[in-house]
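Paired with subunit B in one complex and with subunit C in the other, subunit A is shared by the two complexes that follow.
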Partner chain A sequence: MRENNWFREHGLILLTGVVVGIAALVLTTSGNPRNMGFCIACFERDIAGALGLHSADKVQYIRPEIIGIVLGALLAAVGAKEFRAKAGSSPACRFILGMFVMIGALVFLGCPLRMVIRLGGGDLTAVAGLVGFVAGILVGIVFLRKGFSLGRAYPVRQGEGLMLPGLMVVLLVLLLVFPGKLRFSEAGPGSMHAFWAISLAAGLIVGALAQRSRLCMAGGIRDAVMLRDFRLLSGFLAIWVTVTIGNLILGNYNLCAVSQPIAHSQYLWSALGMALAGWGSVLLGGCPLRQLILAGEGNGDSAVTVLGMIIGAAVSHNFGLAGAADSVVDGVYKVGGIGTAGMAAVIFGFVVLLVITVTHLPGKEHAS
Partner chain B sequence: MIDTRGLSCPMPVIMVQNVVRKDVPATLEVLSDAQVSVENITRFAHTQGYQVTVTPEGDDFKLTLTK
Partner chain C sequence: MRTKQMRLVVTFYTTAGAIAAEQLCRKAGLEGRLISVPRCLTSDCGIAWSAPPDTRAVLEQRFREAGIEAAGFHELLV
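== the complex of A and B ==
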C-alpha cells in the first residue's frame, strides 16, 4: 500500500522530469544550442531581442518553446478546471523581482532548468550555479520562516488571466505570418533553433505536464528543506538523470570544467548570479518555469513577473550585465564571464531583494 | 479556520504547519482557492498523522484535518 501511495504521489512528477529531459535532448538534436534544449531565461531574452527590446544581435529569436509552455499550461488548467483568473499580490514588486531573477540568471547564463540541463551535459561550471542557487533558496527560506509574504491575490475577470496566453498567441502569429517585422540572429545562439513546430510541440507537452505535476526547480529544494517533502525535488533529479543518460548515449556528455557550450568559468559570479535567481524565485513562489505555468493558469501576478523577466533580459543586454561565454580566440582559451557593470548589478540586486523582503515581513503592513 | 486563499506557495502549507506544530489541534479547518495548495496541505497533514477531507465551497475548497 505504501509503495502504491509513493508511486501515486511521485509518478507524475517523475514522468514530467523524464519528458522534460527527453524534450531537451530532442530540441538540442533538432538545432537548439548545446545544453540549451530548454532555458526559460535565455529564451525570454531571445524573445526580447526579436522584439527589438535589446540589440545583442546574437540572441534574437521568438522561441516557440515559451509560447508552447504557457499555452500547454493553459490547456491543461482549463481541462482540469483549474484555470482561475487572479491577481493583486504586489504586482510591482513581482515585476522588479522578475527583472533581478533574469539578471542573475543571465550572469550565470541559464535559468534553474538550464542549470540542471548543463549539469546533465557534464558541465561542471554549473556546479557553482547550483551551489549559489541552493544558497539563495536558503536565504529566502529564512525570511519565509519569519513570515515574508507578497500578500494575497484576489479573483479578477477572466480576461486578466488570459493576457499572457493572448500575448503568446500574438508572438506565434508574428513568428509565422509577419517574420519580417522581427529581428532574427544570423549567428550565435539565437540563430540555432529547432524547426518551430517541434519547439512548439515540445513546449506544449512540457507546459501541460508541468502544470499537472507542479514542477518547480526552486520549489523542489525549498520544499525538501522546509517541509521534508521531496516530491518536487524528484522531478528536478529526474531531469538531471534523463539528460545525463541521453547525452551519454548520444555521445554529447563532456565531464569538464572548461570549454563548455555557452558557459563561463567565473565560478564566484556564476554562484552569486544563481543565488540572486534562487532567492528571488523563493520570494516569487516559484522559478521562471513555474511563473510561465502559473501565468497560463490565469495568474496575472505571474504574467507581470514574466514581463518583468523579459524587461530584465533587455536591461541585461543593453547595459552589458549578462555573462559572456568562454571562447577560443586564435587558438587561445579566453575566459568569459561578466564585467564590472554585471558585478554591480548583482550586488544591487541583493540590496533590492533585501529591501523588498524586509518591507514584506509581518508588522510592515500599512494599507490593511 | 485558516484562510490561505490568494497566497503564493508555500505560504498556505507553512500557515498550517505553524498551527499544527504549535497547538497540535485535534481538528483544523483550512480554506483554500488552489488545487496545488490542497495537495500540498494534504500531503503535509498526512505526514503529521491527520486524515483530510476536502469539500468544495463555490470556487474554493474547505479542508478538514482530523487526528
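== the complex of A and C ==
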C-alpha cells in the first residue's frame, strides 16, 4: 500500500524525467547539437533568428520542439479538463522578467533543462551554472518569504488562452509551407537539427507529460528548500541519470571542464547568468519550460513571458550579450564567454529584478 | 514513508497568499504546514496549506479577516 502511494506520487514525474532524457538523446542522435537535445532558451533564440528578430546567422531555425511542447501541453490540459484561460498578473513585469531570464540563460548558454542535459553529458562547466541557478532561486525564496507577489491572474475569454498555441501553429505552417519567408542557418548550432517531425513528436510528448507532472526545475528547487518536498526535483534527477546513462552507452559522455559542445569556461559569468535566470524564474513562478507549459494550459501571463523571452533572445544577439562557446582556432584553445556588454547586462538585470521585487512587496502600492 | 491522512488542503492564487496563510496560522497557533499542491488539484502558485479537516471554519474566518484570498478548500488524503 505504501509502495503504491510512493509510485502514485513519484511515478509520473520520474517517468517524465526519463522520457525527457530519452527524447533529448534521440534528438541529439537525429541531428540536434550535442548536449542540446532540448534547450528552451536556445530554441527560442533560434526561433527569434528565423523570424529575423536578430541577425546572428548561426542560430536561426524554427524549432518544432517548442511548438510541440506548447501544443502537447494544450492537448494534455484539454484532455484533463485543466485548460483555464486566465491572465492579468502583472504582464508588463513578466515580459521584462522573461527578457532577463533569457539574457541570463544565454550568457550561460542554456536554460535550466539544458544545464541538466549538459551535466548528463559530463560537461563540468555546467556545475558553475547549477551553483548560480540555486543561488538565484534562494534569493528569490527570501523575497517570496517577505511576501513578493506579481498578483493573481483572473479568468479571461478562451481566446486569450489560445493565443500562444495559435502562434505556434502559425510558426509550424511557416516552417512547413512557407520556409522561404524564414531565415535558416547554414552553419553553426542553428543548422543542426533533427527532422522536423521527430522534433515535433518529441516536443508533443514532453509537453504533454510535463503538463501532467508539473515538471519545473525552479519549482523543484523551491519546493525542496521551502517545503522539503523533493518530488519535482526528482524529475530533473531522472533526466540527469537517463542522459548520463544514454551518453555512456552512445559513447558521447565526456567528463571534462573544457572543450565541451556549445559551452564556455567563464565560470563566474556562467554562475551569474544562471543566478539571474534562477531569481527571475522564482519571481515568475516557473522556469522557461514551465512557462511554455503554463501558456499551453491557457495562461496569458505565461504567453507574455514567453514572448518576453523571445525578445530577450533577440536583444541578447543584437547587442552582443550572449555567451560565445569555447573553440579551437588554428590549434589553439580559445576561451569563449561574454564581453563587457554581456557583463553589464547581467549586472543591469540584477538591478531590474531587485526593482521589480522591491516594488511588489507588501506595504508598497496596492493594485486595485 | 509516512501513511496518508485526511487533510484540509487550502489552495491560493499566489505564493504570497500561501506564505501569508502560514504566517497567520503560526501566529495564531493553528496546526498545519505548507505543502506542494497535490496532483489532483491545480493552482496558480503550486503551494498549498495543509491543516486538520476540522479547522476549516476557523481558517475561512481568519483568512477572510486577514484579507488572504484562498482559491479553494479541499478535503483529501495527503
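Throughout what follows, the second predicted complex is superposed on the first by the 366 of 368 C-alpha atoms of A that agree within 3 Å, B and C clash if a C-alpha of one lies under 4 Å from a C-alpha of the other, contacts with A are read in each partner's own complex, and residues count from 1 in each chain.
Criterion: a contact is a pair of C-beta atoms (placed from the backbone, for glycine too) under 8 Å apart; a residue touches a chain by one contact, two chains touch by 3 or more.
No experiment lies behind these values; they were computed from the predicted model shown.
By the touch criterion stated above, A:284 is placed in contact with subunit B alone, subunit C being left untouched. In the superposed model, A:181 makes contact with neither subunit B nor subunit C. Within the superposed three-chain model, A:144 lies in touch with subunit B and with subunit C [touch as defined at top]. In the superposition on chain A, contact is made by A:155 with subunit B only, not with subunit C.
By the touch criterion defined above, A:12 lies against subunit C but remains apart from subunit B after alignment on the C-alpha atoms of chain A. In the superposition on chain A, A:226 makes contact with both subunit B and subunit C.
Common to the subunit B and subunit C interfaces on subunit A are residues 9, 82, 84, 86, 89, 144-145, 149-153, 214, 216, 219, 223, 226-227, 229, 231, 285.
The part of subunit A that touches subunit B in the complex is made up of residues 9, 80, 82, 84, 86, 88-89, 144-145, 149-155, 214, 216, 219, 222-223, 226-229, 231, 284-286.
Chain contact summary for the complex, subunit C toward subunit A: residues 1, 3-4, 13-17, 19-20, 34-36, 39, 42, 44-47, 69. Only residues 2, 5-6, 9, 12, 82, 84, 86, 89, 144-145, 147-153, 213-214, 216, 219, 223, 226-227, 229, 231-232, 285, 362 of subunit A touch subunit C when the two sit together in their complex.
The touching residues of subunit B, counted against subunit A in their complex, run 5-11, 13-14, 17, 33-36, 39-40, 43-44, 47, 59.
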